[in-house]
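Two complexes are shown next, each including subunit A; its partner changes from subunit B in the first to subunit C in the second.
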Partner chain A sequence: MSSLTASPVAPPVEQAAPPKKKTMARRLIPYGYLSPTVILIVVLMVIPIVMVISYSFRDNVIVQDNSVFAGFANYTKVLTDPDFLTAIQNTAVFITVSTVAHLVLGLAFAMMLNTPLLGGVAKAVFRIVYILPWLFTVAVIAVIWRLLLDPSGVVNYVLHTLGVVQQGVNWLGDPGKALWVVTFINIWSGYPFFMISLLAGLQGIPGDLYEAAAVDGTNWFQRFRHVTLPQLRPVIISMAVLDLIWTSQQFALIWMTTGGGPLHATEMLSTYTYKQAFSEYEFSTAAAAAVIVLLLTMVLAFFYVRQQRER
Partner chain B sequence: MPTVRTKRTLAKAGVITGLVLGGLFAGLPVLWMLSTSFKNNGEVFQNPPRLITKGFTLGAYREIFGNGGQLRFFANSYLVALSVTALTLLVALLAAFAFSRFTFPFQKTINAVIVSVQAVPPITLVIPYFGLVVALGLYNTYPGLILTHMVFTLPYAIIMLTAYLNTLPRELDESVKVDGGTSWTALWRILVPISVPGLIAVGVYTFMISWNEYLFALTLTRTDDMRTVPIGIQLLMGQHSYEWNQMMAMSILGSIPVLVLFLLFQKRFIGGLTAGAVKA
Partner chain C sequence: MAVGATRLKRVIGAVTAVATVAFAAACGSSDSGDAASGGNVTLEFAQWWGAELPAGDLDKIVSDFTAQNPNIKIKLLSAPYASTKQQLITGAASKTLPDVVGLDGAWVNDFAKQGAITDMSKLMTDSNYDASQLASQIQVNGKTYMIPVVNFVYPLFVNKDLLAKAGVAKTPTTRSEFLDAAKKISALGGDVKGWALPLDTAVPNGIQNDVMSWLWASGGSMLQDGKPALQTPAVKSTVEYVKSLNDAGVIAPGSLTMKEQDKVEKFTNGQVGMMIDSLAHINLIKKNAPSLKFEVAALPAEDGYTGKRGIPYASWGIGISNSTKHKAEAFKFVSYLMSKDTNAKLSTIANGFPGNKTAQPDFGDSDPLFKTAFDIYQQGYPANEFVGLPKSEDLMRSFDEQLQLVLTGKSSVDDALAKAQQSWSSVIG
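So, the complex of A and B:
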């Protein structure tokens, strides 16, 4: 549940009566207030990023103390590893399908919750139910779905009763299905954030736009296409980019449902990197993979920032 | 030709059907978790499945509360999340005060760095953190977890609190300065007391992030007495792979703090959360 928020720019400061001479000590006051933050960011962000980049160009890091310069060897090793290429493919499928589904479900639910046909209490109840999946930590979501999707679990029971499946399916253990199943679980747990933002966006659309469209004799679908969608466009685009970033960082859900298996069927960039470091103790390769992940994220973040600027 | 009235009734029926279907999609898995936590473990996969079984029992909850190891996970989670919340609010408040009430060189640059910190993937950080935390002697300690959780909570808190302070009139703190007070007095005497709603909203979100954090808690602690609730749930999954009722009870208990905080502060919280993303 990490978040990326646009920064509010401080309002222009009116220096009502600028002091005649700002002493050196006075100038330093704001930095004093900022110093705990700056120290934390240097220790927790700047130094670690320098460290991971330096690890990625060396061998024998962390576990041994005789590290040697290795040039791009770690990068070559990672980029030619078929498991890494599988991880890139899986991550691409996972984040695109998740984001599109989050958008579609989030928009559909937000529009139903925004309907004037329903009373306030009913809406409030439905809103809480719809937000529920988002309030559980990933560990909980993983165990819920492992229970539901167990070969003798309730999902298989329902599908068997309906005649869809002949016998209990091992949803998370079948290499042909596991990627789609973890994507489905991620869709279930992630749409509410889209929904909340789109709901706020819908409530911000001026009602007279719809009235004018209704006077013109348009039907529901035309109003949706020509009023709702264009009005929500900025929210949709920034939410979609944010969601791509967050989903690409998803580690816990995969780790606790499939661990990246079976046979790397659900291996993601995050699980690949984690395994290199904490299962294989190949911290140098892990660092190279981690730097590649950082670069890919920066590309997405760049689009986000540009999108925010345009608005 | 359907009349306007029948069309309206049809539309309403359609929307209600849609809402109920969506509600089942969102709510049924949660309901099943709740139901399973009250079952005998032998009844979890009974055929046909029942929402409420004959052996309805609080046994799973009794097991969790009777087990010192499980309770330790909760104590650890509260300790870490509350410390992270307190420290984040303090550090973020000071930074937000600087951004909101002063202009100074590199203000925009520092602000941009803080915003971009949010996009850095945790998986990229966890590798150097492991090295760093071991080198600093903080491996498998509370300070190690508290410090690393703050990398997620601090940027958001600073951004939200700056926005909040910007809504408070500057005349308030000017009056303190006229009386000869410093900016420090203005912050604590004037701004903090009227910022309580903003501090609560940010605090709730901070608590939730820390309570739910998984990757750092997994890699930066080693022994069971330092583990937090999300790891505890996972450990239950490994140890007794068949104690489904206990896993569900633990999941419910582990979700209660966040559910309660969310229900109490729903309005403030959603408002604050979407302010950044929606602000057009």
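So, the complex of A and C:
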């Protein structure tokens, strides 16, 4: 048994007004804490972005001392360059197909790993197998697939042995196939990230929902459509938008497999910009192309941020 | 307690702010290392050579120099070729190049025009340097900006076993003989082809090493008075010859995206009978395929050509930053690397040929093929017209794209050369 006693309320103490200097110092403390981050953001993000934007409106930048204001001339040059338009088209195909395939494959494998039909050991084995592509660096992925897809490589050997092809297919060197092949490689290397995220999402769906749906007499597909997908919707949207942004910036894989060729068949906005800067030394047009990419990416980022706020 | 915590917060806040400002200040005031203290000078030397030489060999050559010149210290900045290139492009743009820089001839024109590398002609005059001992100098507007220290030639590599199996008794010396040999090797079947042609556009140096080399081997030129001359009979004949090899089906498949390393690998694996490649790869090939029997030979020339044959080469060139405060000391180091003994030593360990005409590489411990290649080199002349041209990689790439159109049947040779000429003229016209 305990007794409660009300503690007397202390009368308000009239405090002397703090000196002005002290108040100012106190106000500055939070900025002191914030300053490392702010300075890093300014130095590493704001200044470079502003510089690139300013380069895009000037001519003879970086390589010459006498840069001059060029208005929108660099943008006009880039937007009327057939190679840039090809790069936009290829990038659109590359990122759309990659993202959709990442989503479909990631979801399929995640559901497979989440199924109660598989035992713990089998799940662990499949989890390791499915996640393997994600563990390789881009350079390793590029080298592996270049070797596999060589006209005298393993893939052609298997296809030839099975009678599917009569002679070695030129997977990366054929302008008609190269874009689809690099997209395939990108899909292969990127689906595990979707799979892991969606698996976490699937494991977070309450079992009650499925039980209730089963009581209502739903079949598997109906449960998938009316329970699984709506529950995963926030994860799917976030992942899809992020993947669109990341894939649009893919450079290393393209550069190390095809270099944007053959005949611009795999030219992407990233490879186009790189060539402008480091091969043609046209840093102004490279900056203009980079700003266009930035704007396109910002549209995607806008949807991502809005979706995150809604959550 | 509360007062103590508040004070602690303030102290942390103040320290953080000061540290941040100090960090920012440090970022803005980094020194390139071009520092002199107590009469000593430290020179930064950025190159990719150290990464390609046996570990410690370049350090030893440098330490011999510092032993002779105790007031000059050399700080080696060694990185792979691609990294060095990007670092130097960035350094040239921001005028923060290291004092002494390893250069590829393809970069010289652009760096010189940016004012990033210095005119070495003046330094040679100032120090009474005897330039006649140099095998070559890379000049822009009559001024020397790069001195090739070691040259790596690109002869024809021939798989002797495949040649014998194909019934070809003699290493081809003319274009007709080469086509004939390539056809016979390709007729062996399986994955074997006569020749490899890397045309990857990411690094389009296949145009320089594997295409234009045919032109230079017959004494031809792609320039006339420093201007592009791609529509001449000599260039047309070269492209038509490459097309004829393609039409005959003797080129290894996948050439449109093939890289130089793929070419070497195919030759090493016995999938390709002949290739044009850097002499520097001899050791690599022998290491990976000890039983492969191959030889090096001069590049085949046009039938009936009797003149000297140009042999493509790549160089380890050297230049001096325009922004260094120690140009005299930097040139002293360059002179040391170009001196007869040091240059011979460096060439020997690099398996290359010296940039000093009087230096004799020691072939005593080397593969006999190096001696053969040296004889080929001395009988012909080093030819690489891309060296010293502006945006040379871009020139190669635009030619590469036109050649790819020809090889895929999407363009005629005349149209391709006309477009390449137009493209080149916009750069060096």
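Assume the second predicted complex is superposed on the first by the 289 of 311 C-alpha atoms of A that agree within 3 Å, B and C clash if a C-alpha of one lies under 4 Å from a C-alpha of the other, contacts with A are read in each partner's own complex, and residues count from 1 in each chain.
One rule holds for everything that comes next: a residue touches a chain if its C-beta (ideal position, glycine included) is under 8 Å from a C-beta of that chain, and two chains touch if they have at least 3 such contacts.
Predicted model, so just to flag it, every value in this text is computed and none were measured.
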Exercise. Evaluate whether subunit B and subunit C can sit on subunit A together after superposition, giving fit or clash.
Key: clash
Exercise. Scan A:212 for contacts with subunit B and subunit C and give back first, second, both or neither.
Key: neither
Quiz item: What's your read, subunit B or subunit C touching more residues of subunit A?
Solution: B
Quiz item: After lining up the shared chain so the two structures overlap, which partner does A:100 touch, if you call subunit B first and subunit C second: first, second, both or neither?
Solution: neither
Quiz item: Where does A:269 make contact in the superposed view: on subunit B (first), on subunit C (second), on both, or on neither?
Solution: first
Quiz item: In the superposed arrangement, does A:152 touch subunit B (first), subunit C (second), both or neither?
Solution: both
Practice problem: Determine, under the contact definition given at the top, whether A:164 touches first (subunit B), second (subunit C), both, or neither. | Solution: neither
Practice problem: Please work out whether A:36 is in contact with subunit B alone, subunit C alone, both, or neither, and reply first, second, both or neither. | Solution: both
Quiz item: Is A:259 contacted by the first partner subunit B, the second partner subunit C, both or neither?
Solution: second
Practice problem: Pick one for A:242: touches subunit B only (first), subunit C only (second), both, or neither. | Solution: first
Practice problem: Applying the touch criterion given at the start, work out whether A:132 contacts subunit B, subunit C, both or neither, answering first, second, both or neither. | Solution: first
Quiz item: After superposing on chain A, which stretch of subunit C overlaps subunit B: 186-194, 240-248 or 258-266?
Solution: 258-266
Quiz item: Where on subunit A do the contacts with subunit B and the contacts with subunit C coincide?
Solution: 29-31, 33, 36, 43, 62, 146, 150, 152, 256, 278, 283
Self-check item: Complex contact set, residues of subunit B against subunit A
Solution: 8, 11-12, 15-16, 18-19, 22-23, 25-27, 29-30, 32-33, 36, 44-45, 47-49, 90-92, 94-95, 97-104, 107, 110-132, 134, 147-148, 150-152, 154, 156, 158-160, 162-163, 166, 170, 174, 183, 208-209, 211-212, 214-215, 219, 229-231, 233-234, 237, 244, 247-248, 251, 254-255, 258-259, 262-263, 266, 270, 273-280
Practice problem: Please give the residue numbers of subunit C that touch subunit A in the complex, ascending. | Solution: 9-10, 12-14, 16-17, 19-20, 23-24, 27, 86, 89, 92-93, 110, 113-115, 191, 199-203, 252-258, 262, 266, 271, 391, 393-394, 397, 401, 404-405, 408, 410
Self-check item: Complex interface listing, subunit A residues touching subunit C
Solution: 25-26, 28-33, 35-36, 39, 43, 62-65, 146, 150-152, 168, 170, 172-175, 178, 255-264, 275, 278-281, 283
Exercise. Report the residues of subunit A in contact with subunit B in the complex, numbered from low to high.
Key: 1-11, 13-14, 16, 27, 29-31, 33-34, 36-38, 40-41, 43-45, 47-49, 51-52, 55, 61-62, 105, 108-109, 112-113, 115, 117-118, 126, 128-133, 135-140, 142-148, 150, 152-154, 157, 188, 192, 196-197, 200-201, 204, 234-235, 238-239, 242, 245, 248-249, 251-252, 256, 269-270, 273-274, 277-278, 283, 286-287, 290-291, 293-294, 297-298, 300-301, 304, 311
